[in-house]
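The following pair of complexes shares a single chain, subunit A, combined with subunit B in the former and subunit C in the latter.
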Partner chain A sequence: MGLVLENITKIFRSDGSDMRAVDHIALEIPSGALVTLLGPSGCGKTTTLRMIAGFELPTEGSVRLEGEDITFLPPNQRNISMVFQSYALFPHLSVEENVAFGLKIKHISRDTVRKETREMIDLVGLRGLEKRRPDQLSGGQQQRVALARSLVMKPKVLLFDEPLSNLDAKLRESMRLEIRRIQQETAITSVYVTHDQVEAMSISDLIVIMEKGKIMQKGSPFEVYIRPENAFVADFIGKVNFIEGVADKQDPESGIVVSSSLKKSFNCRNALVEKGRPARIVVRPEAFSLSNARNEELNSIAGTVLSYSFLGSHLEYIVKLPDGSVINALEYNLSERQLPRVGEEKRLFFSKENAWTIPG
Partner chain B sequence: MFFKGHTLADGGAPLRSNELFRSLKALTKEPFLLLLIIGIFFLLFLFSLYPLIKVAMVSFERTDGTLGLDVYQQTLSNSYLRQGFYNSLLVASLTAIFGVAIGYLFAYTLNRADIPLKRFFRFVALMPVVFPPFIGAMSLIMLFGFNGMITAKIFGIRDFPVYGLWGLMMAQMICFFPVAFITLDGVISTISPTLEDAAFNLGASRWQAFRKVILPVSIPGIASTLLVLFIESLADFGNPLILAGSRFPVLSVQAYLEITGMYNLRTGAALAVWLLLPSILAFLAQKYWVSRKRYITLTGKPTTSVIKSVNRPVKWCLFSLCLLISLFILLIYATIIWGSFTQAWGMSNRFTLENFKYVFDVGWESIKDTLVIAFTSTPLSALLGMTIAFLIVRKRFPGKGAMDFLSLLSFAVPGTVIGIGYIFAFNTPPFLLTGTLAILVLNFVFRYIPVGIQSGIALLNQVDPAIEEAAFTLGANNRTVFSRVTLPLIIPAFFSALVFSFVRAMTAISAAIFLVSAKWNLMTVQILSQTDSGRLSEACAYSVILITIILFFMMLLKLLLRNKISLSNQNYGVR
Partner chain C sequence: MPFMRRRTREALAGWIFISPALVTQVLFIYFPLGWSFFVSFFRWNLIRPMRYIGFDNYTSMFTSSDFWHSLSVTFVYVAVTVPVSIFIGLLLALLVNLPWLKGKGAFRTFFYVPVITSMAAAAVIWAWIFESNVGLLNYFLSWFGIKSINWLSDPNYALVAMMIIGIWKRIGYNMVLFLAGLQVIPRTYYEAADIDGATPFKKFLSITWPLLSPTTLFVTVMQFIASFRVFVSVSVMTRGGPAQSTQVITFYLYENAFAYLKFGYAAAISVFMFVLMIIFTLIQFRFSKKRVHYL
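Here is the complex of A and B:
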């Protein structure tokens, strides 16, 4: 195992009140993997990252790297590099000097420093800008310097603290791919903190979703989206609709949940909720179809269109159900059909494969 | 000087034993940092706290070796000494109130009224900073004293009450009003004019906008400045020595006379403690109470509102007041320069250069000594100040709050008290330092570190901590991070600390007067003794030379650092 967090807890104190920022987190990060800590602000993801880096001392628990306890080691003795949200480039040094900073400290021969610095500047595509100062670079270029500066150290673990949040949307997407490419080429174990679920989905081997200092779920991007374990995860990753009810049959492939308010029973995949317990069916907006096809395999609900937005590639509906709850549904493959009318009756279908059940 | 109650992220709350153990364990992995912290604690204890403890101990110790508080009863029952305590508090309170009033008048006028000569006013208000603190008293005597240029020569008055309460207060106000101006200027200039716009928009008149908005918002700044001036005035030694005399005793002078004049160490120590108590109380109130209650009115959005806070009559009224005060201050300093070129002030006002020749003949050694001491203590003080600022803002370790407190303490301790403390503490082995260069240098280093610490903290709080964290993750240890990253980034604070402690070291008197010796003497002490023996023209010549030296080195530093400062002025890396 590369990096192991053993039940780490961090309590911040200020004037008598305790704030439990991280609450008994246990996590094993395999060597070479890119793991994302994902969650809303204040969930403890950055504090966790800073404990790995050595900037915060855990109140309890320990951090192990390749079997060695590094809990009490200062940051400079851990061989863990970090890429910061603010880039944190040394403003008084040039691009080249920034990248070479860590190597020079290690007292490596000048030729090696120059060679490795140049290679790294090439890898991140900054050739020609070596002599510039950070304030003469664009945001994306600054982030590349930050990345090169960390990578050149060949760290055991590379940490990313929301590295893309200061970039504009387009640049963010290309930098995301770039980071993933470089990480896979170098196979450096990486921990990546973000609050952006799209970013997390697109670059991670493993996503750890956090809330209030605790891990809510960990799994591959596919798992956390398709098989969320609780409402928080289902809601945080992507858009979601919940249909409330009571489990009637627990079966990972063909379960049943009965909704008394809609006076209907739904076929679903129910791996988690015992018969008789309150349950929620998780249906993603894109899982609905609004066709008129009658198919016994499909669940259906009728509702009235409250509003819709035309977004070019698709229509986004808000549909009100008879029990007053509201469903968000998407319709793709629009032909030259007429747009719907507000107040119009619509029938929403979804397959049981697209209906995952979580505890209610 | 403004002591912000910066919050110590988690150093503020006491650590639980488990956490204490864990953070100590983490410190053992950084032996250099640990040594540095222990070393700084040791130095602060030895050179800031231990002398004070020594003062208290001397005051407790009876001649027969037993301990007791009887000397305090004695000092209280002696009406002359009690009067000194009362007078000190009275002068300090009045100086604080009037000094803040004038400082506020200047700060408000320069920020809120569209008047001419703003640069001139600002220059006059900041000028006294580079002058020795007792110049005001000298000049007042030359103008209003027994042979005063104004009182005696123009009006023929011989007994104008320049000695005593009003003269002392006037001298102190001239000396300390820049302190008030600087802090209040900071307060008022950061009150967004849009606040007044909003008040006008809601139907307030100009006077109401001032009364209900600007004044309340600046109250914390005013309170803080009051306390700072109170402390400065209590600690003042030069002005009362010249102006107060025996008719108007104040504590700092009494303590000095008891010790150096009558060799009455125990009484002197007790008076020092009496002087220390109100200063410490005011300091604690300033640091832990008032400075927390500040309003933040400046938002990130730049506000370019036309200033319309005052109408025309008020504007010219404020202008005239400022002009009057400025001219008076200029007169005070011009008198010193004038005096330095006269044969014997008050008797013969013929032009001469003899005084300067006299100073160079008699005082050459003290000029040399003063420079050696200033040049040794200033860089040490600035560097130590930056190091402590770095530790306090960026590091977590048990005892951080204590280090913060100890390092700022010397601001609150009147120079007289610390001077007495030094002679008590360092006159026996293993710390036999009396009469040496070291005792003066050490005294200056530890007395003036608060300036460096304050400007270091202020600048560090603006530098993204991630820059230093990045250096750590790249393998740099504390030493490397401090020398290669932090120091280059806070170089402006370093140099402002350098300039400030240089000026302070050149003009210091209250503690230094106890520590000078035949071998190591200071210009300020010479000036005082010349004044004391009535050789005012010679004292003026000394002062003019002293001021010239200060200005020369300030200019030189500015020239030398032009490139460096402009580099850091780009403020990249500063949030």
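Here is the complex of A and C:
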């Protein structure tokens, strides 16, 4: 196992009051994997990253790297590098001087410094810009310099603290692919912090979703999207609809059946909720199919189109249900004939496979 | 004022708002500046009418040995007080910026007090400190076996005494500016250097000093101008003596104007000082262009 966080907790004390930023986090990160800590502002993801880097000491727990306890080692003795949100490029140094900064501190021979710096500059695609200062580079180029400066130290673990948050949407997209390419090419164990779920989904081997200092769920991007363990995760990753109800019976064939406030039962996929307990059915907007049919079917709901938006590749509906709740649904493969009218009655279908239950 | 157009009303309001600053600037800066320049071409002693003499005042100034002496005294004073006060100011700023230091506020206040102290009042206290028989400084030096020094009456030491006062007066100002400069350097630079294993000295050389360069430039320019204009301490404590050893250019100007009533000549000196300070400031900006790094 590459990096292991054993039950780490961080409590900040100020003016006599305690603030628990990270609360008993346990995490195992395999060597060579890219793990993303994902969550809203103040969830403890950056504090966790700073404890791995050695900028903060855990109040409890330990950090182990390849079996060695590094909890109390200073940052420079951990064999870890970090790409900062602000890039932290020295404004008075050129690209190559920035990249070579760490190597020079280690008193490596001048030839080796030059060779390794050049290799890294090539790897991040900045050849020809070696003599430029950071203020003469675009945001994306600055990001590449920051990446090269971290990689040149050949760390065992590379930390990313919201590295793309200062870039525009288009550049962010290309840079995250670039980061993933370089990470896979170098096979460095990486911990990536972001609050952007699309970013997390697109580059991670494993996503760790955090809230109020705790891990809410960890799993592959597919797992956390398809099989959220709680309402927070379901809501945080992508768009979601919740249908409230009570777990009714559990049947290996039909799965869990939930009776909802819509006075209907739905066949759902998992059985995380005991019979008689409040349950929420999680249905993603793209899981619905809409029709004008009027016949009652098990996993279908009738509703009125409140509004819709045409977004090029698909239509996004807001549909009001009989109990007053509102459903967000997407419809792809459109033709002009299919455009709905506001106020029109629609029936929304979803399959058992697309209905996931979580505790209510 | 309904009879006025909206644009006129807005313009009038604007002029009213800036008028206090404008009147002060014109009355106390631009008018004296222009007047000095004008007067420098005249012989004028306040009693007789002004008489135009062309560049005679400037010719007299550049051929006067007293003028060159006072200029050289000023240069020595500036050459010592500017770097020393910047160095000590920076050291103090680094000290009071230490995260673990307790009572930072008290330290900052303590070092800043000289800046807001009246120089005339402080000069009287310093005169006592420098007193050769019962002065505090000689008493302190006697602990180290140093014999009594006639700080204010020995030509070899009087300028040193003026320098000490000048440095004491200005380090607090420099400290506050450096402190502000230190506090805007992002912490991530130091963290990046920490990960690379940089020592505190390496971090100072590679991060703090280069990124403080805009502050250093500003402090240098301000201190150069302030040092060049040193006057009160000399006026109160030594009157340019002993043996003209503390006759800085401002005091030379003052004596010519108010002791010898040579206002035209004194005005020529002030114009020369003005031009000299502008030239030095421009040189500093030009030389620092490649060495100043803005965040």
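By definition in this document, the second predicted complex is superposed on the first by the 346 of 360 C-alpha atoms of A that agree within 3 Å, B and C clash if a C-alpha of one lies under 4 Å from a C-alpha of the other, contacts with A are read in each partner's own complex, and residues count from 1 in each chain.
By our rule, a contact is a pair of C-beta atoms (placed from the backbone, for glycine too) under 8 Å apart; a residue touches a chain by one contact, two chains touch by 3 or more.
Only a predicted model underlies this, so the values are computations on that prediction, with no experimental measurement involved.
Trainee: Looking at the overlay, what does A:Gly324 touch: subunit B (first), subunit C (second), both, or neither?
Mentor: neither
Trainee: Compare subunit B and subunit C by how many residues of subunit A each one touches, and report the one with more.
Mentor: With both complexes superposed on chain A, more residues of subunit A are touched by B.
Trainee: Figure out whether A:Gly312 sits in contact with subunit B (first) or subunit C (second), or with both, or with neither.
Mentor: In the superposition, A:Gly312 touches no partner, neither subunit B nor subunit C.
Trainee: Taking the superposition as given, does A:Gly128 touch the first partner, subunit B, the second, subunit C, both, or neither?
Mentor: Touch partners of A:Gly128: none, neither subunit B nor subunit C.
Trainee: According to the stated criteria, A:Ser14 is in contact with first (subunit B), second (subunit C), both, or neither; which is it?
Mentor: In the superposition, A:Ser14 contacts subunit B only.
Trainee: If we overlay the two complexes on their shared chain A, which of subunit B and subunit C does A:Ala88 touch? Say first, second, both or neither.
Mentor: After superposition on chain A, A:Ala88 lies in contact with both partners, subunit B and subunit C.
Trainee: Would you tell me the residues on subunit A in contact with subunit B in one complex that are also in contact with subunit C in the other?
Mentor: The overlap between the subunit B and subunit C interfaces on subunit A comprises residues 53-55, 74-77, 80-82, 84-86, 88, 90-92, 101-102, 105-106, 149, 153.
Trainee: Of all residues in subunit C, which touch subunit A in the complex?
Mentor: 186, 188-189, 191-198, 202, 206-207, 210-211, 213, 293-295
Trainee: In their shared complex, at which residues does subunit A touch subunit B?
Mentor: Checking each residue of subunit A against subunit B gives 12-16, 53-55, 57-59, 72-82, 84-86, 88-92, 101-102, 105-106, 133-135, 146, 149-150, 153, 155, 159.
Trainee: Note which residues of subunit B are touching subunit A in the complex, please.
Mentor: 7, 9-10, 12-13, 18-19, 22-23, 25-26, 28-30, 33, 396, 464, 466-467, 469-477, 480, 484-485, 488-489, 567, 570, 572-573
Trainee: Subunit C touches which residues of subunit A in the complex?
Mentor: That would be residues 53-55, 74-77, 80-82, 84-86, 88, 90-92, 101-102, 105-106, 149, 153 of subunit A.
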